[in-house]
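Heads up, there are several structures right after this.
First subunit A sits with subunit B, and in the next complex the same chain sits with subunit C.
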Partner chain A sequence: MDPYFIVFFIMALGAAIFMITAKDALPSALGLLTVFIALSALYLHLSAPLVAIFQVSIYAGAILVLIVFVIMLLTVPSERFQLFQRNMSYRIMGAVLGALMTALLAIGLKGVKDIIYKREIPEGFGHPHLFGDFLFRDYLLHFEVASVLLLVALIGAIYLSKKKA
Partner chain B sequence: MEAWGVALIKVVFIWAWTLIIATLMTWVERRGSAMIQDRLGPNVCGPFGILQPLADGIKLFTKEDIVPEKAKKILFALGPIMFALPAFSAYAVIPFGDKIVIGGKEIILQVADVNIGFLYIMAIGAMSVYGIVVGGWGSNNKFSILGGLRSTAQLISYEVPFGLALLSVVIIYGTFSLREIVLHQQGTFLGFLPNWGIFKQPLGFILFIVTAYCEANRVPFDLPEAESEIVAGYHTEYGSMRLGLYLFGEYVNMYTLSALMVTLYFGGWHIPYIDMSKFLGPVAYGIASFLVFFLKTCFFLWLFVWVRWTVPRFRYDQVMSLGWKSLIPLALLNLFITAFLVQLTI
Partner chain C sequence: MGDFTMFNGLTGYILLASLLFGIGAIGFLTRRNTLILFMCVELMLNAVNLMLVAFSHFRADMAGQVMVLFIYAVAAAEVAVGLAILIALFRHVGSVDVTRFDALRW
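And then the complex of A and B:
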């Protein structure tokens, strides 16, 4: 296997494990940040610089900042979180959802033999122009459906916050 | 191998240059504030006190490195590094001159001309907030946490108009490469106006400069370290060179943002109406383009200082309402008008 790949995949996995086991809230968020950065490095390695930069600027630059904001608003540095969930129903629910997620990932393994062989990269692969062409010509419908979905979430969030006030 | 050598030289040069500029900026800031407030400022070390940054540096290095007892040691050490590192990496994609020919080889005056340079700057710019947050949290101090909290809230609010203002520029020039954007700004349009971003995006530039001051945590947006409210914000507990890294990172950020303003809105290394490459030799042209770019950047660096000592700090709710109620709608309007006009002219 590729040493570059191994370094970043170990980094991503290690940071992910640290993230769910950390007792302090902010180091846990920093673990998630490391996961995002490692994933972005893997995308770079797969000749997809645009996706890599989106990974950093959207996930690490916007979503995680929001999470960190909530952490800083609601907790203090001395506050510690218990490692194991005591509530039995939560544990069962987590196990079922985790199993489902693993099953979904296992289905994804079907395509693994396409990945492990080196393939010719088409000319201009990963260039913003090509990316835009794909997004707004070939996959326009998917793009619009995703944006409608986000709009629904946005309206829902506004409705919920209005109701409380 | 040779390409690697050239790249290494460029990286080292830009690294050293940024360090020198950031160091000199601390002196410019103190002398500038003195000038505006009708004082003398540091004038003892060397002519006009120009060696003052050196004295400050020696002072910071030789001070005792104090770590508060209740601080989280690892986070406390990590904070300044996480703040300074993105600041230094952001400059990699900014073209600091056109090109220079040495020994028959054409060398582009830019560390990396990547076709996503523009997005890289945005991604790296957002990273610097983690240094503030980690430092504030690691200090385990009320004021530090408040500073970190303000910093995240500010970033979330101002990253949106920042990005939208930049996107309008991309719509006009049709590329993410900063070098290509500068190359597009040569010559004139409508017969007499220089082909600069400022004339095509006047509203976009105003939005950009306001949000850039917020990204750099400078007055009037320096709420994360507001001295009159929360002592010194996120770096209350820091001393010695750790504090030095925070202060230094701020000046490096200022330099990058000034260079970005010149690149996007003020024609990069171009002088209006004059094409330098026509009558200067290849080496002289390279140096001239670098100097022109640097002089323009200097003006915006001075503007940062000028604004800091002229404008009072916003109140916190004013910052938020300005961001959400004025800047974001204006940025959306600007984006819409730009897209509409570009669509008409195609």
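And then the complex of A and C:
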């Protein structure tokens, strides 16, 4: 039992449940922010300090601010609709599919014992130096493709949000 | 390696990631507010990230952490384009209720 893990496990799970049950979009976004922070704390525990920094700066910083801006733009105070899908079959199917998905993933717990072959963490594992070495040597092409993807997304977003004449 | 108990080591992380992914899936399939559907997709992506980082730690392999960076790039692209589509839809329909976006239904 690791108290650090238990604390952030409960924090992430509680915030996620709050997120999907919250009435309005803004409290939901704050629940998502709490999940991001809890996960970044867990990344620190998993010897991934650089990923933890990315988690806070990209997710909690950039993406969540973008979502909150759009909530501000799109929320009409007078608009009131039901929280969940009105159609009963949607709700039942949603709950059943979500539960099945969770069960399917958790069944993978059984085979995990064989996958861990190296428990010893080498010296300097997760250090930004090693991370950059991997990223720019073994994954350079992937990195370039990701930059092209971001460029395409940028152009697409500008085109989509432009007012048609 | 020692004893393999619940809430210890990799098992706990896989459990948390599975639960977060399942919660995200349930939220995506049952909620009606499009913005919350977006956030549920982000939650599912984060569950996958947690799984990658956990496996990266327990296998002592940096590739998992590098893969998380690419997921961040894809998530950023998805949010930028998705929110732009959502704003265009809102201009067109005047609502963020998913059940109102039914022009292409049937």
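Keep this in mind: the second predicted complex is superposed on the first by the 122 of 165 C-alpha atoms of A that agree within 3 Å, B and C clash if a C-alpha of one lies under 4 Å from a C-alpha of the other, contacts with A are read in each partner's own complex, and residues count from 1 in each chain.
As a working rule, a residue touches a chain if its C-beta (ideal position, glycine included) is under 8 Å from a C-beta of that chain, and two chains touch if they have at least 3 such contacts.
Since we're looking at a predicted model, the values are computed, not measured.
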Give one of first, second, both or neither to describe whether A:Leu73 is in contact with subunit B, with subunit C, with both, or with none.
both
Just to be sure I read the superposition right, which of the two partners does A:Ala16 touch: subunit B = first, subunit C = second, or both, or neither?
second
So, A:Leu30: does it touch subunit B (first), subunit C (second), both, or neither?
first
Looking at subunit A, does subunit B or subunit C touch a larger number of its residues?
C
Is A:Val152 touching the first partner subunit B, the second partner subunit C, both, or neither of them?
second
Between subunit B and subunit C, whom does A:Val56 touch in the aligned arrangement: first, second, both, or neither?
first
Both subunit B and subunit C touch subunit A; at which residues?
50, 54, 62, 66, 73, 76
Quick one: which bits of subunit A touch subunit C in the complex? Just the residue numbers, please.
1-2, 5-6, 9, 12-13, 16-17, 19-20, 22, 25, 28-29, 32, 35-36, 39, 42-43, 46-48, 50-51, 54-55, 58-59, 62-63, 66-67, 70-71, 73-76, 79, 81-86, 90-91, 93-95, 97-99, 101-102, 105-106, 108-109, 112-113, 115-122, 125-126, 130-131, 134-135, 138-139, 142, 146-147, 149-150, 152-154, 156-158, 160-161
In the complex of these two chains, what residues of subunit A are touching subunit B?
24, 26-27, 30, 33, 49-50, 53-54, 56-57, 60-62, 65-66, 68-69, 72-73, 76-78, 127-128
Quick check: in the complex, which residue numbers of subunit C touch subunit A?
1, 4, 7-33, 35-36, 38-40, 42-43, 46, 49-50, 53-60, 62-63, 65-66, 68-70, 72-81, 83-88, 90, 94-97, 99
Sort out for me which residues of subunit B touch subunit A in the complex.
72, 75, 114-116, 119-120, 122-123, 125-127, 129-130, 133-134, 136-138, 140, 145, 148-149, 152-153, 155-156, 159, 176
